[in-house]
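Each of the next two complexes has subunit A plus one more chain, namely subunit B in the first and subunit C in the second.
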Partner chain A sequence: MSKSRSVDGKWPWVFVLPTFLGVLAFYLWPLLKTMYDSFTETGPFGGATWVGAANYSQLIGDSEVYRAIVNTVVYTAIVLLGIPIAVLFASLLNRPGLKGAMVYRTLFFLPYVAMPTAISLVWRIIYNGEYGVLNQALGVIGIDGPSWITEEWFALVAVALLGLWMSIGFNMIVLSAGLKGIPSELYEAASLDGAGSAQQFRSITVPLLTPSIFFLSVITTIAGFQLFDQLFALLGPTNPVMPKTQSLVFLFYDAAFVGNERGYAAAVAVLILAVVGLLTLFQFRFQRRWVTYD
Partner chain B sequence: MRISSVVAGVVLAALALTGCGGNSGSAGDAGVPDDPAKVKGDLTYAIWDVNQQPAMQEIVKAFNQKYPDVKVSISLATFDQYFTKLKTQGSSDNLPDVFWMNGPNFQLFAANKQLGTLEGLTEAKQVDPANYPKALNELYTLDGKQYGVPKDFDTIALWYNKKLFADAKVEPPTAEWTWADYKAAAVKLKAALGPKGIWATGDSLGNQANLYPAMLSNGGYVIKDGKSGYGDPKSVEALQFWSDLVKGGFTPNAAQNAETRSQERFFDGKAAMMWNGNWVVSAALKSPHKNDLTVVPLPKAPNGGRKTVIHGIANVMSAKSKNPEAAAAFLAFLGGKDAALIQAKAGAANPAFTGTQTDFVNSAPQYNLKTYIEAAEQYAEPYPVSKDTGVWNKLEIDELVPALGGPKPMSEVAPQIATKMDEALGKEKK
Partner chain C sequence: MTKRADQQRLGSNRLAHVILVIGSLAMMFPFLWQLKLAFSSNAEIQAVPPDLLPKGLEWTNFTEVFERLPFLDQFWVSVAVTLGRTVGQLVLCSMAGYAFARMSFRFKGLMLALILSILMVPSQVYLIPQYQIIQQLGWLNTIQGIIAPGVFSAFGTFLMMQFFKTIPAELEEAARLDGCNPWQTFWKVVLPVAKPGLISLAIITVLASWADLLWPLVVTSSPNEMPLAVGLATLSGYQGSISPGVMMAAALMAMAPILILFVVLQRRVVEGIAFSGLK
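What follows is the complex of A and B.
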């Protein structure tokens, strides 16, 4: 039986207060401040002047913004491919009786726990057009590889492949947990009815994993739209291909810390927030059609 | 995991992106420390070069013998993050008390009233600008007030690999070389060494080491009276010189530089010569080919002109230091002869204090580093800067350098850069 509000008094508020203050200071305030800044012209050391929607009209007229949106979408789309790959690997690793499953799982998870910048620097060497091991390997099978990190589109693909590779470990952990939640009776029943492994995978594993897949696609999309560190470390800020490969967050960084236009940078940040918010909303709306909750 | 997680995700995304606001106050003046024993307080000294940290620590130790009650802690950030960090600290009035400054960022900090002037220190003869190269004092002066005490300086000269020249049977460079000689040698070097995967030149197409010295030598300019010099015909000729070298395959283009920095090619014995500054000395000493390398003055432009830019780091102090007396005392000490000699002996940097460079030159006698000192004395011009240098430096990186060696002639590309740069310079004046 629940007590009435008057009996609880102020105590619930006291308990909530620390968290509430934290959220207020570190989440809501910066969010509101950024929104406010996006309507101002703010220099590198502060000193804001209200300029109305000027930053947003600059944003609409900036061709770099459109290119950055395209690049970010392409990047995110490629990294999303990591989910089906991870579904496949996770279900293979989850097959009963597989020896050394923990070892494989650790190996797949390693890239996720390593520092993105450090990984990017290693891949920078792998991708090197003249001396890189990737092009040496391609050379063996008769393919003259491109300059991965300095050619338009190739550079973006190179960054995305790295992102995909790094995402697989985390995806697999989440999916493994999802797989463990599928009752084994379902598989037993299916094999009694004569379903092979392929059909079991299609009719049981994938549908029952859809909540995990949905979760991953939301998380991956949000992370994809925050692409910055791999891009920065893999290509380098003085790379001639950077203007054609930059992401939205790179644009934000550039405006805030190189161009010293904090107001415009805030407008870019609000744009990213809006795009991520819309995409996430869309994903939630769309989930009813394909996500199975039991 | 319904709507609440969406909100959390979105808020997180926003958080990752939020910038910082803040406010600016008024510029402070450097106070003059009286009796050293009475000066007390804690100071933070921010620097960006890990190679120079030991020398800086030694300077602090020497400072503490004179001022025992001032505690200086050194704060190190890598160069890529250094100015981002400083700007953030500045916007919340938390700048380190004393810190390194460079030319491109100086006016931004000074004009936004983040730095203390040297007026108090110069009046009390604690700092005498006459001790440093004139071009460096000018670099750190804004509206008639000097803010920075020059710490070190760098100029540009021609590095070459003696062994590669001998292998290719090409006469090594001399102080009398012209651009034509440079190019003629590049043709021969490419013919002899190209098949072995060795470049004739390893020029990184950087503004400081390549573009500016060439433009100035040829009688052009980078910035004058708030206007861009990229459209000047003499500047264009100089840029065309680099463009032709790239086009001929004598030196790597911007993309090849982004993959492997040409300076690394040179130190790996994969390029025979390059224009570069004295800041590469420590890298040269680590090269497997270190004994094959040496330095001569830059080649002369067709009109006989020879110029280099001179740049140097300066020590500055925050306008809002909580211990202004201690900060001023430390700044004065950093600008003194003792601190300069400590730097020079460590081979860390070429000190700016006139007459203290001998130790730096002797730290690598095989490289003839006197060339750099003579360049500073005889044919150096101040490093070009404006109030918001970073904005047009980005134009150089994004649009000019990638066009070198490209299909469009510099007479078409460079004036476009000039227009955009003038636009950026116009915005600064607001």
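What follows is the complex of A and C.
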């Protein structure tokens, strides 16, 4: 770059320092503080005492933590189904000459921009065990639906279906960008060779979409381990089923701000950080095995 | 293209429409149902089997939202928080992003690395110390308390930096030769060209701030000082007294501004999210 230090003078600091100091105070310092706090215990009147790895041994022995991890895995597995669903819809939407594509796009995307806490209240009524429209619909085909938001595994599935519904629009945006990158000559050549739509989908669309699919699976898994909003808003924080359906983030929130166990909560936060970090690394390491770039 | 191939394509587009219509209905149903419930009386909502269309328009749910919930207070908190965070991020992130993209200075690499190091860190990791900072500033239950950490963004800085790198530097050189100082160059020449990047960042920040739950939940406790997201999420506390119809009316009004904004700016929102999501 041609610009030398003397040209820019003090100006760079004017531009950079507000953000740098803000990030330092509100993010970097808190990051270190949480790591330190995870080795301390909060006294009844505030103040913290060093307890070594006690919070971590409590974490390892805590059955609620295992349950939260199992819940997160179940939740994430269900929400990941949104990726193949979105692949189907996005590839249909990107067919050349399809009329009304913009309208479909808008409709599919609405759940993603809807406020999660507001739309969760709607789902709570749809899921209602007595008068909810879901169980009434199930009743029509002879199934006696459960009380979705108060029975432990059903409540978790209910939260995950909501998450799945909300994820499809975002998935489709990412996949559409991926689809636009596939050269149309490939399809033309395949048609000339006599390949049908289904075969083109299998041998051109899906392989060339793998970078987008990979990206989405990373994002979805990370978001799954940070599940909080839908869980909190759909089930309600005082729901008796919560101890059985909670996520790691809910466990963290509960320990930090309801139970006032800041040290233990900090350890849970570090666990979330470790899990998310490991997942990201793992996925990036193994992407080359099944992702086709170009 | 031959006639036969044309017909084939039309035929399969018909199948595509069938699948897409079914999909759109699944996406739309909760919104339509919410609309219906918001205009229904309680007896209608709890009727078994339900009517698919409302019997009439029941406006009392909406008036009750204003009588029984601090809806208007919470609405203004949401507006103020969203505006504050968005304007703050647009100004601060574009300034920092510009410096990282175009200027040279000491510790540049180190500062950028430190800022980017928090990109993948889940927000819970900062939450307790952030809360303690806000508490010590005496900002609990205040708008500035909800806004404060959210005006600084590693993601926004990164986004703007990437964007500025795509703008040709000639304009800035010309401004410099005309005697503009870096601030004037940035403000008068660079920012107007950076509009698409700014719009992307604004859209993402507006969506995130309006919906944000965990942080405002932690720093606010009085119902009049909460944003709508927290007010709605903690409604279950009132559940005994707040009827489903009123809940639906409140939820509808809370998400309406964002939905309207989205439908009006649809293309920009989609572009903005694709741009930022793919980096």
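In this text, the second predicted complex is superposed on the first by the 263 of 294 C-alpha atoms of A that agree within 3 Å, B and C clash if a C-alpha of one lies under 4 Å from a C-alpha of the other, contacts with A are read in each partner's own complex, and residues count from 1 in each chain.
In this section, a contact is a pair of C-beta atoms (placed from the backbone, for glycine too) under 8 Å apart; a residue touches a chain by one contact, two chains touch by 3 or more.
Computed from a predicted model, the values in this text were never measured in an experiment.
The superposition on subunit A brings subunit B into a clash with subunit C. In the superposed model, A:G236 makes contact with both subunit B and subunit C.
Legend: residue contacts after superposition of the two complexes on their common chain; A:L31 is shown touching both subunit B and subunit C. By the touch criterion defined above, A:I143 lies against neither subunit B nor subunit C after alignment on the C-alpha atoms of chain A.
Using the contact criterion defined above for the overlaid structures, shared-chain residue A:P18 touches subunit C, although it does not reach subunit B. Between subunit B and subunit C, the partner in contact with more residues of subunit A is C. Contacts of A:I60 after superposition on the shared chain: neither subunit B nor subunit C is touched. In the superposition on chain A, A:N260 makes contact with subunit B only, while subunit C stays out of contact range. Of the two partner chains placed by the overlay, neither subunit B nor subunit C lies in contact with A:V70. Of the two partner chains placed around the shared chain by superposition, subunit C is the only one that A:L121 touches, whereas subunit B remains out of contact.
In the superposition on chain A, A:P44 contacts subunit B only, with no contact to subunit C. Superposing the two complexes on chain A places one region of subunit B into the space of subunit C, and among 92-100, 110-118 or 272-280 that region is 92-100. Shared contact residues of subunit A, touching subunit B in one structure and subunit C in the other: 26-28, 30-31, 33-34, 37, 130-131, 215, 219, 222, 225-226, 236-239, 249, 252, 256-257, 262, 265-266, 269, 272-273, 276-277, 280. Across the interface of their complex, subunit A is touched by residues 1-3, 5-6, 9-24, 80, 83-84, 87, 90-91, 108, 112, 114, 254-256, 258-260, 388, 390-391, 394, 397-398, 401-402 of subunit B.
For subunit A in complex with subunit C, the residues that touch the partner chain are 1, 3-5, 8, 11-16, 18-20, 22-31, 33-34, 37, 88-89, 92-93, 95-100, 102, 104-111, 113-123, 125-126, 130-131, 133, 136, 165, 168-170, 173-174, 176-177, 191, 197, 215, 219, 222, 225-226, 228-229, 232-233, 236-239, 249, 252-253, 256-257, 262, 265-266, 268-270, 272-273, 276-277, 280. Listed in rising order, the residues of subunit A touching subunit B in the complex are 26-28, 30-31, 33-34, 37, 42-48, 128-131, 147, 149-151, 215, 218-219, 222, 225-226, 235-243, 249, 252, 254, 256-260, 262, 265-266, 269, 272-273, 276-277, 280-281, 284.
On subunit C, the positions that touch subunit A within their shared complex are 5, 9, 12-13, 16-17, 19-20, 23-24, 26-28, 30-31, 33-34, 37, 45-50, 92-93, 95-96, 98-100, 102-106, 108, 111, 114-115, 117-118, 120-131, 133, 148-149, 151-154, 157, 181-183, 186, 207, 210-211, 213-214, 217-218, 228-230, 232-237, 239, 244, 247-248, 250-252, 254-255, 258-259, 262-263, 266, 269-270, 273-274, 277-278.
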